[in-house]
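Naming follows writing order (A, B, C and D), and every chain is counted from residue 1.
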Amino acid sequence: MIEPPAQNLPTERTGPAAVLVRDVWMDFPVKQGSQAVPVLERINVEIQRGEFVCVVGPSGCGKTTLLNIIAGFLNASRGEVQVEGEPVHGPDPRRIVIFQEGSVFPWLTVSANVGFALSRKTAAERNQIVQHYIDMVGLTGFESAYLRQLSGGMRQRVEIARALAANPEVLYMDEPFGALDYFTRFKMRADLVRIWQQEKKTILFVTHDIDEAIQLADRVVVLSSRPSTIRLILSVSLPRPRDLNSRDYLDTRDRILHALGMSLQNGIPPDAGD
Amino acid sequence: MSLQRRVLLAAIGWLGTVTLLHLWLNTSAFEKRTVSTGQTGKQFRVGFLPVT
Amino acid sequence: MTSAAQPTEVIGQEPPFVSARAIILPSIVAVMFLLFWDGAVRLSGSQLFPKPLDVLWGLVELAQKGLLIKYVVASLFRVTWGFTLAVIVGIPFGLLMGSNKLVQEAFNPLIQGFRPISPIAWIPVSILWFGVSDAAPVFLIFLASVFPITVSTAAAVKSVQSVYLRAADNFGLTKFQLFSRVIFPASLPQIVTGLRIGLGIAWLVVVAAEMIAVNSGLGYLIIDARNAGKRYDLVVAGMVLIGVIGWLLDLLMRQVERFQTVKWAYGTLHD
Amino acid sequence: MTGSGTFEPVRFNGWPELKEAFLSQHLQASFILAPMAMALREQGVPIKIVYLGHRDGTTMMVHKDSDIHRIEDLRGKKVAVPNRFSNQRLIIFRAFKERGLNIDDVTLLEMPPPDMPAALHVRAVDAIISGEPFMAQSEMDGYGRVLFLTKDVWPEFISCVLAVHEDVIRDHRAEVQQLVDGIARSGKWLDTTMDHRMQAAKFTGQNYYNQDPKLLEFVLSKPPDRVKYTNLAVRRKDFEEIELVGRESGTLQGTAHFEDYADPSFVTDESAIQPYLWEDTP
């Protein structure tokens, strides 16, 4: 089911959108005097509460820039971002970002990291919350380990646990599984969906991996290469847990590839990586 | 935090110990002044070099 | 309900490992050095330069006279206070300079201007200000170590990865919390390295500092031995003491580098 | 100079440090090189020379088997002197002038006195001159030979003087008088018998100079008039001689005169000085 880019299909109207991106444009001034480099053009997205939305596009198309704008770390050149109807002016603990390069604090143990945002709570409350999320992400037994003693997958689990412990309304994730091996990625995606269903958070997940997007998202926003515009917003109606061999799965993938001007019917196109 | 507090306490402990030791061993801070310097209070210091 | 990750993924604690070889090898070299030294003095027939044994007897003589403990304590007292003041001034100022561009631009030239001045050049000034008290050597030692500490702290703050700052910002930390819970811990490893360098320099300077009119300390021991005529055995004894204590101080500081809150930054190549 | 606890002797290891501590009034009084005191006064430092440290007590030493036997032989040689503002340096100017020699023919190197014996021993320099006991050190150890004693070249030679800050003289005259009397009387005591000198050598060596008493005994006895601790009153004639050589050698500007840098009022009648009756406490 393809949606025309400009229009979005709210399932049922339950108050203002969790995250509303209206007519956002972004260009980077490279050097004084020289022409600014356009990065994002006419971005319109509306994310409902509890929805899992993936943004996918070739690397360097401005996905991370868009995420930073939505999260409030960057101001758009034009346009606006609203969360629950309020305009976004900066980062906020109700909207936690999991950065691409990983921001777990290496000088803290796992439990100290996970409890980082809970300084205002009592010790008992904090320990209870920390233990809950450590168990949830499967780090039981590693509470007093340090970052350098953990594998890549486990570090991402700490990242997620810490974000969830802050009890945000929205989770922004910037290619969090990019550095993991093939098998761990599958495991992390399954765990993330499970946690998303349990915690009922709104998630905006940025990735360059189309398969990852389809395995995770309710809706996939497909961005073109730079200057990127929205090529397609695709609702993924596959039932969960998703059967990755099903016909529908492959059709969905082809639609996304097609929207990006690529199709894999007759082998990998030569210009696939541009 | 207890580790950093322990390091801090150890540092302060050392500071106190070495200061007391020094005052005791190398200065006359603890010796009762046999002769009170009386009116001048401040010592009358006379410099010299160990020559002739 | 939860799927625990396999424990094998955890990289074990690194126990400090001192092999027997690590002790025997250097001791052989040390013995050879002593023999070489002894032989060289005998060959040269110099009556002035002491042989290792003379130095040992010099140390024994100092210990018997109770001067050994007095001088060691005096030097440690001055280095401790000079270094502590340098830490108290250096770290906060370094943190400020590292985190505030204005302060950095304002003070950096001044600091870079003072840094190359050798503490020995400060001796005349410190006598004019502090005269013949302990304050003069403490001042020199303070000067010697405050610059490396300030500079390394400032560099540490500036090199804190921005992703930590963004994450902290995201969690809504106040400016003070950002400093005490992210910037300081993140810079701590480099600060500790700066402290180690600062302490090393402080101990280097103690000899020069104690050449002013103080009547105790290892630096004084050396200068006084020269005054006492041919007591070059005491001069070398002083050097040996300074070397050994300086080495122990460095070992002590290296233990600080094995603390968890700092070790994370040194990676596995750190010995 | 034991005083009654009123005075605290502060030992220094180099003239520059002593000068700076004295200049900045961390020392109320100090034994100091005569020309240095005069130069400080020329530069406006309000101090007065009130007494002398000692007479003579300086020797020029050469290496035992060096070819230097007369002052004339110093030409083309390297001589270590303690400080630019020292009479040990000025005496060379005076000796060369009296013999019609050109001062530029000799190289004068400033060197801390404690390093001089070793420098002579390894022949880094050809001759050394400074206050005792460092000169006697080289003689006692057998590699030094006396070229001349100061009394042979500059009779009543002055090396160190006792200088006091003028405000200390104004505000604490009694203490200064007590100090000068103490020095004068112990000087008299020293010069009365050789036994007193030997006691002093032991006492000073251990408690104040940290030097080998045998070395000090050598200085105080061989020959007996190597250093004298009497006849130390401040006299115009002596200092004007120093002014003369100081000006000729370019060390002093000559802008300060006896009234500016000297205060002889503390010792009016030398013969009246009574030696201390003092025995070395075991």
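Just so we're on the same page, a residue touches a chain if its C-beta (ideal position, glycine included) is under 8 Å from a C-beta of that chain, and two chains touch if they have at least 3 such contacts.
Note that this is a predicted model, so its numbers are computed, not measured.
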Query = Of all the chains, which has the CA centre nearest the overall CA centre?
reply = C
Task = Looking only at C-beta pairs in contact, point me to the busier pair out of C-D and B-D.
result = B-D
Query = What is the distance, in whole Å, between the centres of chain C and chain D, each centre taken as the mean of its C-alpha atoms?
reply = 41
Inquiry  = Using Cα averages as centroids, what's the distance between chain B and chain D in whole Å?
reply    = 33
Chain A and chain B: spacing of chain centres that average the CA atoms, whole Å = 64
Ask   = How many Å are there between the centre of chain B and the centre of chain C, using C-alpha atoms for each centre?
value = 22
Inquiry  = Can you pull out the residues of chain B that are in contact with at least two other chains?
reply    = 45, 47, 50
Query = Considering chain A alone, which of its residues make contact with at least two other chains?
reply = none
Request  = Name the residues of chain D that each touch 2 or more other chains.
outcome  = 10-14, 18, 21, 26-27, 133-134, 209-211
Inquiry  = Going by the touch definition at the top, which pairs of chains touch each other?
reply    = A-C, B-C, B-D, C-D
Contacting residues of chain D [partner chain B, same complex] = 1, 4-15, 18, 21-22, 26-32, 53-54, 57-58, 82, 113, 130-134, 159-160, 162, 172, 175, 179, 208-211, 219, 227
Request  = Give every residue of chain B touching chain C within the complex, in rising order.
outcome  = 3-4, 7, 11, 14-15, 18-19, 21-22, 25-27, 45, 47, 50
Key: Of chain C, residues touching chain D in the complex   = 47-48, 123-124, 127-133, 211-213, 215, 223-224, 226-230, 232
Query = Any idea which chain B residues touch chain D in the complex?
reply = 33-38, 40, 43-52
Request  = State the interface residues of chain A toward chain C in the complex, per the touch definition above.
outcome  = 71, 73, 90-93, 95-97, 99, 101-103, 105-108, 116-117, 119, 135-142, 145-151, 153-154, 157, 166, 187, 191
